[in-house]
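Two complexes come next, and they have one chain in common, chain A, joined by chain B in the first and chain C in the second.
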Partner chain A sequence: MSVSSRSSANDLLTVENLAVSFKAGERRVQVLHDVSLRLEAGTAIGIVGESGCGKSVTSLAVIGLLARGAQVDHGSVRFGGRDLLALPESELRKIRGTEIAMIFQDPMSSLNPVLTIGEQITEVIRTHGHDSRHDARVRAVELLQMVGIAANEATLRRFPHEFSGGMRQRVMIATALALSPKVLIADEPTTALDVTIQAQVLELMNQLVKESGTALMMVTHNLGVVAGMTERVAVMYAGRIVEEGRTEDLFEHPSHPYTVGLLHSLPSAQRKGLDLIPIPGMVPIPGHEPVGCAFAPRCRWRLPICWFEQPSLGGVTSLADDQQQRAHRIACHNPVLPEEVEVGLPTRKFPASPPPPNMRDFADQPEAAS
Partner chain B sequence: MARVTGSITESSRRRLSTVRAFGKVSIRNRLALTIVIGAVLVTIIDLVSGGRFPFLSSPLTQNLEVTLASPTWSHLMGTDEYGRDILSRVLAGAKVSVEVTLIVVIVGATIGMIIGVVAGFLGGIVDEVLMRLTDMFLAFPALILAAAIAAAIGRNLQASVVALTVVEWPWYARLARAQVLSLREQEFVLASRTLGASTRRLMFRAILPNVAPTLIIQATLDVGYVMLSMAGLSFLGIGAQAPLPEWGSMILDALSYQPQAWWYALFPGLALTITAFGFNLLGDGLRDWLDPTLRGFRTDFAMGEE
Partner chain C sequence: MRAQGGASASPLLEVTDLKVYFPIRKGLVFKRTVGAVKAVDGVSLRVGFGETVGLVGESGSGKTTLGRAIVQLNRPTSGTIVLDGTDLAALKAKELVAMRTRVQMVFQDPFSSLNPRLSVGNIVAEPLVIHKVGNAESRRSTVAELLELVGLQADDARKYPNEFSGGQRQRIGIARALALKPQLIVADEPVSALDVSIQAQIINLLVRLRAEQGLALIFVAHDLGVVRHVSDRVVVMYLGTIVESGMTEEVFERPLHPYTVALLSADPVPDPKVESQRNRLVLKGDIPSPASIPSGCRFHTRCWLREQLGNPEICEHEVPELRESGPAHSVACHFAEDTTTPVPASSHVAVTGRDEGEFDAPPSSRPVDSLDRPTENGEST
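After this line comes the complex of A and B, so read on.
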């Protein structure tokens, strides 16, 4: 595929044509369709989309911890020359924590409530290393200080409930970075925090990742978080990547109607006084997507073809430069034009494209484009 | 000089706060502690003195001149049909009851916890097999099953210990499994897997410490129940055999002399009730103490301090 031809020697983690399905009663429902991503050493990629778009499934598939009933149908996850999907569990376990680590959304529930934070950090250090108990404790204090907690030996004896949400997330980060992994996957790491704490934690992650050369995979529904922190962004919708490119390109020339919709759903100081333009409807339930583009029922730019044909991921033709085209890919039959981006609505006239008779059950219809 | 004084004040203040902390232990907990410490003391005295309590006649000594005597200064709880001192027998009975009960509860809870955690965590066919086995035991009324087992393998104290353990563990297995099922889906379990924890480590470090407090509390609440079941078995004549002093069998023997010899049944019954009650209170206290979130916040700690 196109991805393999573009992959370079710098690639640390390469996900290729990954397809994952879940067991739903008797049948299998596909939740990821041909997801391809690449993460270069020391860089950050953002994976953006609404809840239920397959962001978390992608990150769990990478680390080999899909829920029961989920299976990888095809594709590969290459890390350091090995296909992680082909590795036995015992090998994967050695990679988790040491090479790839992960932090989660809810700091309230991602620490074990009955163990002290010292036990939880030293456990990770001692699982993989051969440090003595004492060395591990010294290292744990260092790690906590690194994430901005004024820590000493006594801090290690505290329980998670004695910490605030922001501090627990710092503890999580310290635990995840304990063994200096090459890749850190952060699944909505700041969603559960106050905005001021969000900014602190993001800044901290940014700084630590830059200092240690850890590559970051930031899974979030917040485009604002991605803007300041990542080199590349992949926008996901209904288990597919719909737009992918360098962060500047994607924010300067968003081309997929879904990306434009996400940007206009976000209140911002620059667009003060302008209306928010919400995306109507909801993410389709896996297994109940339309035949064509999964976004068609909610799309203001849709054409009749969108109902029947799945668009493939390719270069953005509206961009002048050939190289730019290749670096920025979208999956859309009718990309948003640069002049429409600011308005957030189509300015051209399209042929009316109501759902075809056999697809009337897609009730979420945006007002007819006129 | 001033520094020395300072450190003395400091240490005495700390000691004072320990005393105050003990004072804060709720009245319920102090009552529980008193009863449990009492039961343990009686057991220790009994062990040390070889079954004979100071100032009392041996629980086995018969004195046929004072059979079924009502309480007097020389026999505070009266005597039984062989003239044995009931106070002495009640105290000696504490040892039997407490020992048997603790063995049954500890062994039963441990077996149940292991089976429940393994079944809940591994799921699938393992879960299915272990839980159907558990259901088989739960399908019988507990006391009847225990009586049948005890009667089958020998009508003595050891047999009733085995029988009660057999009917005890399934409850713990069920409880542990239910806990594990909800714990398994918690984010911290997934989080420790992403950090490379093995299945064994997850079971013993992430799951077990979270299950244990609930089971320990259940176990202390169960102490009363097991103690009564044990007494029940002895009462039916399947448990402790004469002349071993045991509260249940004492009540059984006393039945023939009711209502005239009220002291004969009353005191063993009271001892049984109070001890069971004490362990129930202990369960409440343990719950407060085992849950780290109820142990109290330390507010001296904040970011940037220390």
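After this line comes the complex of A and C, so read on.
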């Protein structure tokens, strides 16, 4: 389970066994279970999954911005020899922005509407650096030009509403880049944008990773974006990483039924005219997952054991090479075989596994129809 | 797929030179009209019986406004919308109400398009009540049938929208649209608010219903993969006009308009091999405001092809007509024949080859990054 055995000197950021819970009335609901990740300089990792899978919580926990009522139950986030989770807020503030920066999903609401663009960028520069007002403004113009906005002094005096969505997202990126952070966390950075603008923003982020050696953590539901941008991918479901590996491996030999389901839910040119194979049912509400594997109620590959025992994250045994096995991990009792990946459905017969009596609620939900 | 194409004798829907302008007003007391947002500016479109037409384009391209005008939710400024031989603009209010039973709409946001205070049964029955179809008894059974048709249960009729997830709500919206047995459904981004796995469920549902009910569908979406999957024909819009239209595979495999080429190249594909080989064509800037449309070709301010050709003047001065450039393929570009793609001809084509044979493979096995493009219309699939 522990990643420490695999961590290398290149690791910039290491998340280990991170568990987060939210307060829900009297109870605490666990939304993140033992999430472990590592991020190397000059590479990008994608975190994918549907809404409610814990992707955003993971990224917020790393940077210490969890909402009130959320708490880290255990685990560590190691960065530059320190555990970020153990640092006091004042220390964290020094790291945020200067060393770890974050880009949020919604460019419409993450900029302050009553401050000019210039004020918002120079604020970051001047809070952390010791630049004079003038120097900070010069730097702000440079940053805007870097992200592809034809900027001058006058641009700095404009307000967010004068910018389009794509431009605002680029202002966000410029702000995030202001202090050349070592780690950039991007939470659905292009979801609100049109494809053509998305391409511009992705290009910019790619350049950043390749040229300045920034490590990028990209949280997204878009498998296409992940395929083009990242070296590694972690697929999350119900607060756990269910599959993790090098991007090519994961797309070429997906092994977890959830990953296979996601890939078959997307229309592709090769399957034109055929029905998509959706995943039946929907993501469980945190706190209402079954005892065993959280994906069991929706899984076409489930075995009786899946209802009772949480599978642990381990190497994919169907891969021949030992090294490959270690690089590609899944949490599944009954991984999808390579020949089943293409079809998207199990081709073997395995013991029928209706839900145990106390779990009827999880049996095929109406979404399963069609 | 289904028999009728756009060229058939009498289409179900024929839109001719449709314009939808929204006036820009100024002044508090004496409002003056100072300009117009030309959301849809001279669009002609045909939809055959049982045909699915995909409308794609960026936000601001006018695809939603066009869809809404067809359902008569926006009043057209000029132009005609002829549905099965009847000109909707010429109808009196009462006659228009009757026409509405034949065209229905599915909205994008399943959270705001259902009234939270009505039970699902009342939501789905509302069109029946408005159009005085049947009595309370028969409506109840119709609602039950409709709910089952879209994969819900008959007794869900008693529940309220907040008891359902996004995907289920979209099913309710579809059931409501089907209540009057329309011939045409305009679906405006019906899956873009949904998670991937739920998206696939709704797409399968739409595809199934379309076949069972013989529905024609106008499918408005920005997700090119989804549009390619469901549509018989595709219409690409830019700033209120159609820049390219044609049979789906034709357009995706051999895009002719530089905007379509850019759009296809910008769309990320969930395959790292395709992504690593592609040379993404990044368009500069944003779509211009429809309140101040560029002269000549509307796309000339962002056009990579114009730049490549040394900025020919014609693009700035002359509006390119939508012209036939092959069988069932039209394009509005002065230089469409020069669109030698600098990127893989179609980003959606499998380049890995591992699926060939299994599914209907790309029409030919020519190298994807080849620059040979049809310069004349002879090439067939």
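Basically, the second predicted complex is superposed on the first by the 357 of 370 C-alpha atoms of A that agree within 3 Å, B and C clash if a C-alpha of one lies under 4 Å from a C-alpha of the other, contacts with A are read in each partner's own complex, and residues count from 1 in each chain.
The rule we apply is simple: contacts are C-beta pairs under 8 Å (C-beta built on N, C-alpha and C of every residue); 3 or more make two chains touch, one makes a residue touch a chain.
Just so you know, these numbers come straight off a predicted model, no measurement behind them.
Because the two structures share chain A, they can be overlaid on it, and in that overlay chain B and chain C fit beside each other without clashing. Applying the stated contact rule after C-alpha superposition, one finds that A:203 touches chain C and leaves chain B untouched. Of note, the Cα-centre angle with chain A at its vertex and chain B and chain C at its ends comes out at 80 degrees, rounded to the nearest 10.
By the document's definition of touching, of the two partners only chain C reaches A:247; chain B does not.
Look at A:263: by the touch rule set out above, it reaches chain C but stays clear of chain B.
Taking chain B and chain C in turn and counting the residues of chain A each one touches, the greater count comes from C.
Touch criterion met: A:275 reaches chain C, while chain B stays clear of it. By the document's definition of touching, of the two partners only chain B reaches A:115; chain C does not. By the touch criterion stated above, A:167 is placed in contact with chain B and with chain C alike. When the two structures are aligned on the shared chain, A:283 is found in touch with chain C, with no touch to chain B.
The gap separating chain B from chain C at its narrowest, counted between C-alpha atoms of the superposed chains, is 5 angstrom. Residues 148, 167 of chain A are contacted both by chain B in one complex and by chain C in the other.
Taken in their complex, chain C has these residues touching chain A: 1, 58-59, 151-153, 156, 165, 167-168, 195-201, 203-205, 207-208, 222, 224-226, 228-230, 249, 252, 262-263, 265-276, 278, 280-284, 286-287, 346, 348-350, 354-355, 358-362. Remark: chain A residues 63, 65, 68, 93-98, 101-106, 109-115, 120, 123-124, 127-128, 148-150, 152, 154-155, 158-159, 161-162, 167, 172, 175-176, 185 touch chain B in the complex.
For chain A in complex with chain C, the touching residues are 50-51, 148, 164, 166-167, 194-200, 202-203, 221-228, 247-248, 251-252, 261-280, 282-283, 342, 366-367, 369-370. On the chain B side of its complex with chain A, the touching residues are 123, 186-188, 190-198, 201, 205-206, 209-210, 213, 292-293, 297-298, 301, 303-306.
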